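So, here's a batch of structures to check.
Next come two complexes built around subunit A: one with subunit B, the other with subunit C.
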Partner chain A sequence: MSHKPTITDNLTFPADSKLPQILFGVGAVGIILSVIGYFVNHDQFFFSYLVSFTFFTGIALASVFMVMFHHITKSKWGTLVRRIPETFGANIWIWAIFIIPVILGMHNLYHWSHEEAVATDKILKAKSAFLNPTFFIIRQVIYFALWGFVGRKLYKASVELEKTGDWGVTTLMRKVSAPAIPLFALSIAFAGFDWLMSLDPHWFSTMFGVYFFAISFQSFWAVMILMVFFLHQKGLLTNTIGQPHIYDLGAWLFAFTIFYAYIAFSQFLLIYYANLPEETLWFYDRLEGGFQYIAYGLLIFRFAFPFLVLLNRERKHQKKVLMLVATVVLVIHYLEIYWIVMPAMHSEDAHGLDFSWIDITTFLGLGGIFFGLFFNTFKKNSMIPENDPKLEECLEKTYHQ
Partner chain B sequence: MSKYEYIPEPALVKGNHDFASLTKLVTDVNLRPTPKPWYAAMLLANAFLGVFLIAVGYLIWEGTGVWGLMNPVGWGWAIINFVWWVGIGHAGTLISAILFLFRQDWRTAINRFAEAMTIFAVICALMFPGIHVGRIWVIYWVFPIPNQMGMWPNFNSPLLWDVFAVSTYFTVSLLFWYVGLIPDLATLRDKATDKIRKFSYGLFALGWTGSNRAWWNYEKAYMILAGLATPLVLSVHTIVSFDFAVSMIPGWHTTIFPPYFVAGAIFSGFAMVLTLMIVARKIYGMEDIMTNDHMEKMNIIIMVTGSMVGFAYMMEFFIAWYSGVEYEKAIFILRATGPYAWAYWIMMTCNVLSPQFFWFKKLRTSVGFTFFISIVVNIGMWFERFVITVTSLANDYLPSSWDYYSPTIWDVLTYVGTFGIFFTLFLAFLRFLPMVAIAEIKAVLPQADPHNYDEETQEFHPHVVEVPQPKAETV
Partner chain C sequence: MSTTEQNSELYGILAEFKNPKALIDASKKVVAAGYDKFDTYAPFPIHGIDKAMSLPKSKLGWIVLTCGLIGFTGAVSMMYWMSVMDYPHNISGKPFFNAPAWVPVTFELTVLLSAFGAVFGMLFLNGLPKLYNPLFNVERFKKATDDGFFVCIEAKDSKFQADLVKELFEEAGATHIEEVYD
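Let's look at the complex of A and B:
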């Protein structure tokens, strides 16, 4: 057939790019400043750190989830951009070291880790089989071993497919993904319980695992969109990743905006409606002391704004619109995690919403390392999974009015 | 050589079909004389329908006391059956709307069929809220109709939201189904030889000509309806879950209910589509269209949604323990070990265990096994609603008021009777309407892809995927 699409772009990220070094530099400065922050205010450091850590880890986890779904459904829409989430997943095993500060700061972060507090608290005593420091550490090791292994394995398989052109590797990808999906579902849910829900150890919600998944996934699409436009900005893949592929990312962001709203609102409504004190207290703490502004912001900027803007089909592929929406979603994603985490810190002194410079340094520190690792791996191989059986169909996609 | 075997995409339509042979295969069912076994089946379905009418007649005559409802179990089989049928009614619109938005071409083989099932299942479901009030002559009070008494339904109640959600879902599903039918009705109109068929198919084909302009409008309308139907698929069972979850009853009030109910609904709906599909394709010889590959894909969806339901059960159990709330803990232990433990373990076996067999390719491609599991799944989903509704009510906060709930013969007959409604409608559908979306299935044939034509000679060459020889490992 004469229709074979040809790729005219250079497919590797410029090897001489200093971007990873710059990002690592930013990360190092951020971490050094954060360490200073630790000596200034222990509590603030650990809580700020947890917010940023959850922010970036959630994006990496959503990446691996997306890659697994892509394999298992034999999708073709995202083959061109699949290398980006694969690369995020490839580095989780290194990223695992950043759980260590959370473990070290357990006493500052988690009320349940104080034995004397548990001893006098009937409810905490009853959950101590789950909420205790030893089991907490064991769980973190299990999570990161699983995530690191699967992320690395899928990245390696994709590179092998690219280098050897062996289509049989797609079978391997599916064989890894299928059992890993339920394991990821459970581990992400329990990571949400561990890192975020147990900050208020009396509070509980069966939806919380799904909620953590939903916020991470919505922000993941925003990262994807910004990443593709960043590559275009650098003059990379401009003729390869086109309008139909960007449209798909926009549509995903739209879909997960609705999914997020559905999950978050269902959780809120059911707790609000039954009005049981042990459940409503969590929202009560987050609707006062300045935190209510973030809560209203979630409604507007995390749901209403992206929903209304992206409802129109044409806007789902417009660069300026998508970049604006994606940025807003990422900002509000940070604030949502902040809104989940910080009221737990201020539960005793109750001085409400109080941003600290350590919030910024931990974010820059972890963000610099996270994206430094990304670009460091990204430039090693092709930016798209070459030789993938679905690549041709993905390149052929056209956008219909 | 590769360590692993590459599995190419299977063709969506098996056999050596072209456009004409597909049209003939599907429309012949509607145009040929009625086969005798169809009358026999219809008679049987009508007998069950008669049972339903008698059961409902007696209910209206005597009042809701004929059911097994008692104190403290004020909700019994009626709500269980309602939720069960509504759940089944999720697959059709999911297949036709959500899978359409996801560009899943395999949906074309089963979408018409599944949508019909959806509509009939929702009709069966709607029977129960329709008949469950003691004074049936004022059933219109469920709607917010202005009246001289200044009396309104309770807008704070999810039961009212249910009225809106289910009736909207029914309306949109029906419209969506009808819009999809229009081109095929025109095909039937053009194929029909007798006056009655020509007129009646022609009437509902709305003067369809198949022109470019008609298709353009049609595709726009179809897209918009798919977009509208998608949130409805999710909202209906979400609201149904609210019926339980907004309360304070232990075992009902849990935040994961909305997505968990939706997953369960898709689970049972796909099972029902499979049950019907496996029988219908055999009788009508549609194995080339509704292939074993379709069955395998649906089995995977059953496995995924079944596991999601299992995930939700685990979360409920874990959080019941984690919450430290005595009543939550007690109800979950009572479910597994109390007076209804038999129902609980049926539910667990059918819903969580049975779909896990589909991890094995051999089992998910086996027709007999799939048929068996598809029925098991729907038994399990009925028991899920039974466990949720009855156990939480029978063992409430006050142990002194605990009691054991049993249905009466009238509960059973009403439920069995709904199968009469369902199959009467379904058999009529199979006889008079095309059970496969003819126009849509043609679009997924290789002949419909312009890439498969040589531009100069206008000759058709089916697309052949060449699996490349792997290079030596260079990583």
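Let's look at the complex of A and C:
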């Protein structure tokens, strides 16, 4: 029906770009300031660090998830933009070093890591087979070994396909993805339990794993949208990634806005309705002391606003609208993790909502490194998976009405 | 289908084309010639045919939105009437206007009515169910479910003139042209 699409854009990120260095610089400054923050206030440092660490790791994990289901469903809608999540996944094995502060700060972060506290607490004693420092560290090693390996493997395979043009590599991609999807589902859920849920070790929610996935996945699409527009802003891929591809990203953001609302509200509703003290306490802590503003903010800015704005089809590909929604979603995503983590901080000077400068420095530190690693890898190869068998069909996509 | 051509009225002119590509090109020509009461028939969905026919954006979305809003307000007002006005009942100390507990019902009714709006609205906009169509009088038209690609310009069209339409189809490369009677 239409002739063979030709790519007119330059497909590599400018090799002389100083962006990775700038980002690494920001990251280094942020980390140095955070280290100073550590000496000022141990607890605040570790809790702020955990918020930022979860924020960025969640995005990397969601990226690998997207790459895997794209492979396994033999999709073609996202072939053009697949190199972005692949690159996020490629660096998880390096990113793994940033779990070390969480492990070092275990005693500051996690009440269950104190043996004397567990000894006098019946509930924590019963949970100690799972919630104990040794097993916690073992689990972190398993998670990052799995995530790092799969993320790297899928990136390498994609690069190999680009260099050799051997379509047989797609079989390898599916063979890696198929078993890795359930493993990722479990490991992401348990990472959610470990990092966030066990901050309040008496509390439990069987939905928490899905909840952690849902918040990460929604914000991942926001990152994708901003990343594509960032590339366009730099004059890259402007004629390659077009309206139909951006529309798809908008539709994904819309879909996972609803998914997020469904999961987050389901978790809340069951606890609210049953009204059992051991369960409601978690929400009680998060609906007072200023945290209630974030809670209501979640309802408005994480669900109602993106939902109503993106409901209309035309809105899903408009640059300004998408940039605004994606930015709002990312800000509220940070606040949501903050809202989950911070009420657990029982230091003397923390009563209720109390932002600290260390929140900002850890965020800049980890964010600088995270995106520095991304662009450092991103500029090494083509920005789109060239020679992919589905690439042509993806380029041919048209948007109408 | 025993109507004879003499005592029946001309419904339109049907033309067959070789393949989907020819069908798309033909519909573009029909649009360019200024006809708007015409339709295309193919055994399978063809990407881009709606664009080639320059069909307007479907109104279905508005029907679905209206139905969804009716479901939403209907659910909220129903529960408000029942739990707050007609039969207020203290359930484990929760307020009568128990917003979180009302969400599932509100959600379900919104989705249910939206789905009804989508399905029945689609049927309505397509004029379905339709038990009879004059095109069934054409023996060849049975190919539309197998390997035939057809365009039919209806006689209702304000620009319709049988010989001009035939000429247009011939120019567009039709393999077969036939008059359809009702």
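What we mean here is this: the second predicted complex is superposed on the first by the 394 of 401 C-alpha atoms of A that agree within 3 Å, B and C clash if a C-alpha of one lies under 4 Å from a C-alpha of the other, contacts with A are read in each partner's own complex, and residues count from 1 in each chain.
By our rule, a residue touches a chain if its C-beta (ideal position, glycine included) is under 8 Å from a C-beta of that chain, and two chains touch if they have at least 3 such contacts.
Treat the numbers as computed from the prediction; the structure is a model and nothing was measured.
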Consider subunit A as the common anchor and indicate whether subunit B and subunit C clash or fit when overlaid.
clash
Report for A:S205: first if it touches subunit B alone, second if subunit C alone, otherwise both or neither.
first
Taking the superposition as given, does A:L270 touch the first partner, subunit B, the second, subunit C, both, or neither?
first
Determine, under the contact definition given at the top, whether A:A126 touches first (subunit B), second (subunit C), both, or neither.
first
Name the contact category of A:A189: first (subunit B only), second (subunit C only), both, or neither.
first
Please indicate which partner A:D166 is in contact with in the superposed arrangement: first for subunit B, second for subunit C, both, or neither.
first
Once the structures are superposed on A, label A:T398 by its partner contacts, choosing first (subunit B), second (subunit C), both or neither.
second
Between subunit B and subunit C, more residues of subunit A are touched by B
What is the contact status of A:N387 with respect to subunit B (first) and subunit C (second): first, second, both, or neither?
first
Select, from 116-124, 152-160 or 170-178, the region of subunit C that bumps into subunit B once both structures are placed on the shared chain.
116-124
Kindly list the residues of subunit A that each of subunit B and subunit C touches, one partner per complex.
1, 269, 273
Applying the document's contact rule, which stretches of subunit B touch subunit A when the two form their complex?
2-7, 9, 103, 231, 234, 238, 242, 245-248, 253-259, 307, 311-312, 314-316, 319, 321-325, 359, 451, 455, 461, 463, 465, 467-475
Subunit A residues within the subunit C interface of the complex
1, 265, 268-269, 272-273, 275, 311-313, 398, 400-401
Going by the contact rule set out above, which residues of subunit C touch subunit A in the complex?
20-21, 24, 47-48, 50-51, 57-58, 61, 65, 92, 94, 100-101, 103-104
Tell me, which parts of subunit A touch subunit B in their complex?
1-3, 74, 77, 122-123, 126-127, 130, 159-160, 163-172, 175, 178, 182, 185-186, 189, 193, 202, 204-210, 258, 262-263, 266-267, 269-271, 273-274, 276, 278, 387, 389
